[in-house]
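Have a look at these structures, which come just after this line.
Next come two complexes built around chain A: one with chain B, the other with chain C.
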Partner chain A sequence: MSTLAIDKAGPTRKVKLRSMSRDRTWALRWSYFFLVLFAIFFLIPPIYMLITSLKSSAEISAATNPWWVFHPTLSNYVELLTSNQFLRFFWNSSMISIVVVIVTMLISIPAAFALARMKFWGSATLATGVFLTYLIPDSLLFIPLFKMLAVVQDITGITLLNRWYVLVFIYPTLTVPFCTWIMIGYFASIPKELDEAALIDGASWLQTLTRIFIPVALPGLIAATIFAFTVSWAQFLYPLVFTTSIDQLVLPVGITTTLIKGDVFNWGQIMTGALLGAAPPLVIYAFLMDYYIAGLTAGATKG
Partner chain B sequence: MAEVALRKVIKRYDDVEAVRGIDLDISDHEFIVLVGPSGCGKSTTLRMIAGLEDITDGDIMIGGDVVNDVPPKDRDIAMVFQNYALYPHMTVAENMSFGLRLKHYPKAEIKARVTEAARLLDITDLIDRKPKQLSGGQRQRVAMGRAIVRNPKVFLFDEPLSNLDAKLRVQMRIEIKKVHQKVRTTTVYVTHDQVEAMTLADRVVVMNKGRIEQIGTPNELYHKPATRFVAGFIGSPAMNFIPCRLEDVGGKLNVRLTDRISFPLPPARAARYGALPRTENLLLGIRPEHLTESHAHLEPGVETFDTVLDVTEPMGMETLVYFGLEGTPICGRVDPNAGAKDGAPMRLAMDLNNMHLLNETTGAVL
Partner chain C sequence: MADVVVEQGRLSRAASPRKRASLRNAMGRKSTVAFFLTLPLILLIALLVLYPAFYSVYLATLNKAMTKFVGLSNFTFLFKRETFWMVVRQSCIFAITAVVFKALIGFIVAHFVHNIPGKKQRKWRGMLLVPWVIPPAMSTLAWLWLFDPSYSAFNYTLSFFGIGPIPWLGDTFWARFSVILVNVWYGAPFFLIMYLAALKSVPDQLYEAAAIDGANWWQKIWHITLPMMRNIIAITTLFSLIVTFANFDIVRILTSGGPLDRTHLFATWAFQVGIQSSDIPLGACVSLFMVPILAVAAVFILRDVNKRGNEA
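This part shows the complex of A and B:
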């Protein structure tokens, strides 16, 4: 009786296994097909930028194959990297992004901790409210913001418009809500018993935050940092509106305003500038991704 | 070390009363286990002692001082959680010393205490590992070590063994008992497992629906339960409850179970229950071990009856037999060699010297 059952079960199981692996193979093939497709789609623009950046203006406008460099030159790079103007844009962008990341973290981390853990009246509504503010597009906000800054400038006499540092106050309106939202999620995923254990061990709320929550939620913190940096670095509308003098411009605005003169596009330098501008976020991603280890909380509680 | 006292402690969440006026005195060095089904308020009670939950009304005292408004860190307690709650980014040693480091203890003393606790718990080799490199049992030891190094007045355990597999649970249960014998710290231990409660506790507190049903030593609870809830909760398999009535038959007090079955009560029991009204609906409480196979020589007070078994469960050292008495499912424990078989008739003996009589409506043991 039992032998019969085994004989019956044997082949059925094999067939099932085979069909499973066949499904898997096809799923993998389709995944690779689409991955390659998307990789090509997203890599063509930067490759085209790289090719163009290595060409002289004459070669760019010549009617040759645009996908090949016949006379490679680094002149675009040399010109940009020795131009005080370009270095100034780079400096402004770096300063703003770094300060914005710091400001964002200083606000977002305690805010997220309070909203995720210190249950107070209306904390849940407030948490949703924080996220909702992120949904308001910056193209709607810049006019009232401009007006506000103008009024403050008139009243206090402190120059705010056309100064790069004013962006340090404005960018967090974009970064803080989203970073807080990310951090709330990460903090909420930390088991409640962990802060209770810390509380019993004698930690204050601040010590619980700095010595338990921040180290445990490091992947979330890094994700938020990357987000804040990328948003500040790539922001175009606000700096375009709030800064006008050449020495106050940031990289994205600087490249488009100085390298496009009327209807003359200095394509070689525009592409070079864009490539160089894309480098810092890439470096930051590469550097921080090493620390972006998922599953850091493994072992805190029952695994 | 200290005694703990709860005076009319109430915990209310909005309109739900989770703990309904608890009075409890725990003496120094005592190992108290709070046991009950989920939602009975045992964990809430523990968390109120820890200071993790505010109390709605009443007083909690640790070492004679009212601690109602004292934050957890100043209550000098240590807690072991069900899911261990180890700090994942710290090593075992760092986990254990975290509390001491926060209080700025000298480094030498911290090291000495951690080493001593690690030795006590047999985790000296694991001291530099991170929690994720440890097994469940090892993590639980580290969690206990974290409590021990603090040398607190009271240990609080919140279902510490529930996440472990059955074998490890038995092992860790013995470990916990050993540790308590060595450090002698007053301990409050919460569990839903009555076996854990019976094996660990000096005294067991049985809770149900936010109230204390009974406080007593494991043996008291087992042999002299105060209510139907305690009688049914303590002991595995659970006590049988058979609807019955008292009746006088030829000058003797009998307990009638069914139309066919009516047993004379042993003299001691008859004297105890003699004054009860004969019409009242009662329950006969009898533990499975007092329902055994019939012998040739039966003690006085042991009565026999015939039944047909529904199911038998051979456990090795005994066989559990299940049958019905007018629709009431009953469990008995017989010798494995008594010949109990599924669906077979069997003569069983009921030891009425160990019976309980309960009021069916109030659930009180009479």
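This part shows the complex of A and C:
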């Protein structure tokens, strides 16, 4: 960093310029050097997952060099992808995440539209309230929610605990506030002339929303969708508390509870499972990185 | 939008009383439409966020079997337990240390990435955000394996430097260190992205002017970068403080609070007390202790976000 300093000693303009460009090259070199170090730190766990997932149990317990695969094998992948239990976890996770994304969008888009464009009594308070709700963490609500589900189950006779579908109702509490918040930002940035024109042409509020707001704010919509999906895919606490039977578990809980049998850790399979579980968000991220980052920064920059 | 309606109102007022009535209908329709559009949101927040939050306060005043109102005796019981004070201290140490390191690493790495020209910057940014993208439960499993007592890849590597096997998760100090390390690893990329976005919004002319005035790199950071990024730094730090303070996944998977409860946070201890030992009132009580700190952070965030909204 210190190489960024400008050489004040340079007596003439010419010398000073040259030293500045030399400083820049050095700053760049140092930047690359430290970036490589940080990249190693940031990428060690995923890379180690990959390395271990390619090893057989025999090679892992032989305690050879952990950073190298001597006899690469896909047996862990084959075993997991043919195991009904693992596929069940994957299916549960996918179902829940997709339904939650749809529910989130159905709730937050209309609400964001109303909050961004239709000034009504209490709309500003509600917008602030939505943002505050986003700051309430899951670890504050899991105990009362657990008890609530038990009580509702007793009263109505509908089985709620230990059923994966109950998560579809719970997860929107995590996704809807943030999605509404960033959609308010995106909707508010649409020029008023657009919907005024639509209104003059006789469009109803609903038509204004579906024909103008949704198409124009599509990037924001994609960012919100990615957020909702990754949050529901990664959620760990609620499924850990609300579901226990093996056929009701989602991927993160399933891997942490079933692949550890007693004190025996089958690390090859655990790492394979973790990698496969991390794959959907990683693939989405790889293809839609700009939307992902837009969604990430929107919370603070679109006030 | 409201402007249009008002203008239409002015026009119709000039026209005829019948039209005024239809205008009133339209206004009525507008608020009705708005009500129905926000109704699902209001219901969701009321039923599944606000109600449980207050229900939690009620639960905290019951006895273990949840049959009798016991007032504040759950709280007084906690105050007398040494484990509780340990959890308070550990949560604070954990949250503050982790957030400080996340912010520092994020700030430093953001500068390095910012130095990289054009297209390569995108590639580096993409690579460095990976920890944030992987579900924390999954990546923590990889860390657990890296910290494994007998097969630790870290200890294998360190043994070449003559550093003896480190009990990553077995010893109080190292267990706390490891839990914080994993949290920093997971959260630093978020800071990196936020700070990078903020750095890009600082006009280059400011730095050029400073360079002409003979400012060194430290003066540039202190007098230009930090003031310009002040708001983003505040929001990101406070937000991260909330999330880190309420963290559950990492500690649960890595240590489950061990060794001897030395890494428990409010969330993991509440889980152990409330769900695993099925003392729901006491668990609710433990998690309620997060509220004051979360509330303070939330108030400051709200202030900063509103300020930002007014500036823009």
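Criterion: the second predicted complex is superposed on the first by the 246 of 303 C-alpha atoms of A that agree within 3 Å, B and C clash if a C-alpha of one lies under 4 Å from a C-alpha of the other, contacts with A are read in each partner's own complex, and residues count from 1 in each chain.
Heads up, the rule we're going with is that a residue touches a chain if its C-beta (ideal position, glycine included) is under 8 Å from a C-beta of that chain, and two chains touch if they have at least 3 such contacts.
What you see is a predicted model; the values in this text were computed from it and never measured.
When the two structures are aligned on the shared chain, A:Gly202 is found in touch with chain B, with no touch to chain C. By the touch criterion stated above, A:Ile212 is placed in contact with chain B alone, chain C being left untouched. In the superposition on chain A, contact of A:Glu193 is made with chain B only, not with chain C. After superposition on the shared chain, chain A has more residues touched by C, the comparison being chain B against chain C.
Once the two complexes are laid over each other on the shared chain, residue contacts for A:Phe42 go to chain C alone; chain B is not touched.
Taken together, the two complexes place residues 196, 199-200, 296-297, 299-301, 303 of chain A in contact with chain B and also with chain C.
Partner chain A is touched in their complex by these residues of chain B: 50-52, 71-73, 77-79, 81-89, 98-99, 102-103, 130-134, 136, 139, 146, 150, 163.
The part of chain C that touches chain A in the complex is made up of residues 1-4, 30-31, 33-35, 37-38, 40-42, 44-45, 48-49, 51-53, 55-56, 59, 105, 108-109, 111-113, 115-117, 124-139, 141-143, 145-146, 148, 150-151, 153, 156-157, 185, 188-190, 193-194, 197, 211, 214-217, 220, 232, 235-236, 239, 242-243, 246-249, 252-253, 266-267, 270-271, 274-275, 280, 283-284, 287-288, 290-291, 294, 297-298, 301-302, 305-306, 308-309, 312. Within the complex formed with chain B, the residues of chain A that make contact are 191, 193-194, 196-203, 207, 211-212, 215-216, 218, 296-303.
Against chain C, the residues of chain A that register as touching in their complex are 1-2, 4-6, 8, 27-28, 31-32, 34-35, 38-39, 41-46, 48-49, 52, 60, 63, 65-67, 106-108, 110-111, 113-115, 117-121, 123, 126, 128-133, 135-148, 169-170, 172-173, 176-177, 180, 192, 195-196, 199-200, 205-206, 230, 233-234, 236-237, 240-241, 252-253, 255-256, 265, 267, 270-271, 274-275, 277-278, 281-282, 285-286, 289, 292-293, 296-297, 299-301, 303.
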